[in-house]
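Two complexes come next, and they have one chain in common, chain A, joined by chain B in the first and chain C in the second.
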Partner chain A sequence: MISKWVGKRMVMGIVVLFIVSFLSFFIMQAAPGDPAAAFYGGNAQTLTAAEKERITRAYALDRPVAQQYIAWLGETVKGNLGTSSKEGRPVSEIIMERLPNTLLLFSVTMFFIIIGSIWLGTVAGMREGSIWDKGLSTFSIATSSIPAFWLGILFIYFFAVSLGILPSSGSGDVEGNGGVIDKISHLIMPASVLIVTHVGIYARFLQESIKIENSQYYVKVARANGVTESSIRKGVVRNASIPYLNYIAMTIPSFFGGSIIVESLFAWSGIGQLTVKAVTTKDFPLLMGSIMVTGILVVITLFIVDLIMYAMDPKMRKGGAR
Partner chain B sequence: MIEVRDLTINIEGKHITQHVDFTIPRGRITSLIGESGSGKSMTVSALLGMLPVDAKVSGYVMYEGRNVLDASDQEMESVRKQDVFTIFQDASNSFNPSVKMGRQLYAFSGERVGDTIDVFNEKMKLILDQLGLAWDVVEQYPFQLSGGMLQRCMIACAFYVEPALLIADEPTSALDMVLQKEFIQLLIRLNEERNTTILLITHDLDIVAEAAHEMAVMQQGTIVETGTVETVFSNPHHAYTKRLLESRF
Partner chain C sequence: MKSRKALLFWCSLLGLIVFLTVFSNMLAPFSPNEMNMDDVYSAPSSDHWLGTDHLGRDVLSRLLEGGKVTLAVASGSVILSLIIGIVYGGISGYFGGLTDTVMMRLLEALITIPALIIILSFQAIIQGGMWGMTLLIGLTGWLVTARIVRSEFIRLKEEEFVKMANMFGTPVWKILWGHLLQNSIPAIFVVTLFNFAGAIFMEVSLSFLGIGIPPAIPSWGNMLYYAQNDILIGAWWIALFPGIMIFLTILSINFIGEAWKNPKRRRVND
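Up next is the complex of A and B:
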């Protein structure tokens, strides 16, 4: 049963990755500009038409897009993401340098967002009509409508410019030894921007979900029959967290989108910043590589969330309705 | 055992019940009968101290010499825990869908009376056996059992707890005819074997005829007739009761 379910999810994930690669490859071709120019970076203006044509032919950029896509796909499936046209190094090498930073930022922010929103959401949801309940509703609207880049600029102004206690950008000091404290001091600002702008909305979702669960028939029956409040609560929170997890899963892709902006703002050298750089330099192999890695991260995260939901929801496990 | 006097419930300016008077004598099955929307369920909520927050209530519900309408939330919680067991209409939604039955039955019975899980296992096994339920139900989730089985699980807890008062709020309206009969027999058994006082809320006169000793007829938030089942059936006074009895055959 479980192996069949896992197999199905994996096939679905692979299909998603194919669609992502197909769409991004073709949309990328529609962008204005000449990909051949990317090979010369800043000196592109000095290129003559003949040189451009030579590059175009050498890298098979004149072939039909479908043919290029198939060639790219064939190599990617074998694990070869190609060579960056700007840096001349293998794409996988560049990505592997960046991946740990993105994973660090993602896992730290997700950890605090989940812990924070579960705590806030449970406290607010369980005390309907209390100051917590009303306060969280306001707080979540306020924080989720603050643009992350603007909050980031404010943070830089306060903590880096005025107070000078935190570095304004980067993911490690140039002169630093790459130690833990150095890493953390660079991580604090981008992570807290992401946490502050996301925790409220997730908490609010859980709060609403708990309130709905609290008004369920079985809760009334349990209260009427003197079932202890703590075991009622446990049941309510558990059931309410299933739609909450679903919501997290639904918003993971846009969360990655938001983190691209934050990574660029703080020059956090992760996949997000790399993607932006690849777009501006028209470095297509690198862009495809970073899109695919982001896609794989999303698919894996969704798979983990699904696994947790599967473990928590007996209806799903027993193949019942829902 | 319970005396309801002049009970008036008012929600947002609307009278749900008005001057409701009836008694639940100890050791008897008292039936509260009326059409849906007549205020039966709200009366039950008042007895349990579980009215919605915006409800205004006046009158008396005397239980063991004190008015439960004045009791604090904590007092009511302990009354609900120690003296009363309530079976609701919709058995299939009465249990948490993602917790195994065994855990939930324990919360409804053993845990209430302070038994350990071992004592519970032993005692509940006997009760389920008597009620024709296999012990495997404890390993299953509510959605894997039928409504009839779930309602029997509920009454199994009532057998376990042996409450001073059992309130059954339309316990059979979600069950088919055969299961209804079976369930009513179980209620009668509980009353006869353990001398449990039962308040049976229903809209079905057949059930009243079959099970109850006393009855109170409710219409549009007021009690229009009370008495023993025999006297009301043989000599109804109020027009509504007469109509009910006529429509029965």
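Up next is the complex of A and C:
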């Protein structure tokens, strides 16, 4: 059963990556100048005739667009993302330098968002009508209405300019003078901005699905039979967490979008900041590369969330429709 | 009763914001682009209520004018995505079968790609102005609307009055327009409200990154773009007020949307 399910998910992921690759390829086509120049950017002038010939052959530039796409895709799959037109280094090298920072920011924020929202959502959801219940609804609407980057600007003003306790930008270096402490102090502001603006909305979703689950007949029967409150809570939260995970999966793409902006604001040297830099400097090979990598990141994350859901939901394991 | 009052409050707040920005020409004390190099970075005072920016321009005037730009871009793009969403979702929901499956699979794939990424890449090539931005936000914002319209159409298609109308030989366009679309309006309204908030977020984010609205035109996002440098020298008023306006606008839209949401239709995102 699982192999069939995994296969289905994989096909979906591949379709998404195809669309992203179309987008990428379209950028190369639409970029000013001929594709070889777009691909090698500022270095195009330094290429010799033989090298140009080789590029033209490798990317099938003298043949129809469809064949060019296939050739380009072949090179991309092999890991050749071209050369940055501004830095003159291979795009894949630049991206590999940036990737750990993005993964660090993403995993730290997601960890705290999930822990925080499960805690808040459970407390609020299990006590219907309490202050927690009403308070969380308002809190979540209010926090999700704050633009994350604006909160970031305010944080910079308070913590970096006024108090001077946290660095306003950069991503720190573990091997530098400050070591791990330096890295963490750079991480605090971008991560907390993302956590504050997202935790409420996830908590609220869990709260609502716990409330629905709590009013189900089976819970009533369990209560009537004197099942302890703690084991009822365990069961209810477990069942409510499946729509919650689904919601996380649905919002992951916009979360990635939001982290692009926060990365740029704090000059956190990750993929998001790289993408924005590539757009503003018109570094098309770099832009294509970072778009592809973001697409791959989203697909992998969704796949992991799906796997967790699969493991938790017996209905899905038995082959039921989602 | 209490929620009625709250709804009224949020509606009037949103109305006030729209009013202030639409009539910014008359209400603004200064011209939004009027520079005064002798008066840069002056803190809020009786002369400039909300202070001046790095070129000595009045923040309050730019705030009102910028709101007009931001809200115009958001409204334009929401209308565009509403139309695309209704057509796409309507076709998918009404015809069903293979068409529906293919269209929904495509939609599912598109929804996984961060809209910001798509807009960023197009902005890199065309570097459009205000209307280019509107177009891009509209073209990437219709996915959820399409989903809602589809599920509404599928639900309504099975209702008795639609089956009856079919039996009587009512023309298809009349069923689509009068029966299916008009009965989906409450659901479409709610999702469009949230879409509007999303479009404001998108414009503001892009302009904040310096790749949205051209810098010559004031918008809330553009103001914040300059504010990130101004904040480092302590000019907090340039950053604070556009953010508060964005926050209040989105907050009132979200509360109105929440109040309108049918309790039974718990999740708009589905």
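For this structure, a couple of remarks:
The rule is simple: the second predicted complex is superposed on the first by the 268 of 322 C-alpha atoms of A that agree within 3 Å, B and C clash if a C-alpha of one lies under 4 Å from a C-alpha of the other, contacts with A are read in each partner's own complex, and residues count from 1 in each chain.
Basically, contacts are C-beta pairs under 8 Å (C-beta built on N, C-alpha and C of every residue); 3 or more make two chains touch, one makes a residue touch a chain.
Because the structure is predicted, anything quoted here is derived from the model rather than measured.
Superimposing the complexes on chain A yields a three-chain arrangement in which chain B and chain C fit side by side. In the superposition on chain A, no contact is made by A:M10 with either chain B or chain C. Using the contact criterion defined above for the overlaid structures, shared-chain residue A:I115 touches neither chain B nor chain C, since it reaches no partner. Of the two partner chains, neither chain B nor chain C is touched by A:I300.
Of the two partners chain B and chain C, it is C that touches the larger number of chain A residues. When both complexes are overlaid on chain A, the residue A:I181 reaches neither chain B nor chain C.
Contact with chain C, but none with chain B, is seen for A:I261 once the two complexes are overlaid on the shared chain. Residue contacts after overlaying the shared chain place A:A311 against neither chain B nor chain C. In the superposition on chain A, A:G226 makes contact with chain B only, not with chain C. Touch criterion not met for A:L103: it reaches neither chain B nor chain C.
Within the superposed three-chain model, A:R238 lies in touch with chain B and out of touch with chain C [touch as defined at top].
Of all C-alpha pairs linking chain B and chain C after the chain A fit, the shortest spans 16 Å. When the two complexes are laid over each other on chain A, chain A has no residue in contact with both chain B and chain C. Those residues of chain A whose C-beta lies close enough to touch chain C in the complex are 12, 15-16, 19-20, 23-24, 27, 30-31, 137, 141-142, 144-147, 149-150, 153-154, 156-157, 160-161, 168, 205, 208, 212, 247, 250, 252-254, 256-258, 260-261, 264-265, 275-276, 278-280, 282, 284, 287, 291, 294-295, 298-299, 302. Those residues of chain C that touch chain A in the complex are listed here as 105, 108-118, 120-121, 123-125, 197, 201, 204-205, 208-211, 224, 227-228, 231-232, 234, 236, 239-240, 242-243, 246-247, 250-251, 254-255, 258, 266-267, 269. On the side of chain B, the complex with chain A involves touching residues 48, 50, 77-78, 80-82, 85-86, 88, 90, 93-100, 107-108, 111-112, 141, 143-144, 157. Here chain A touches chain B in the complex through residues 216-218, 220-228, 231, 235, 238-239, 242, 312-315, 318, 320-321, going by the rule given at the top.
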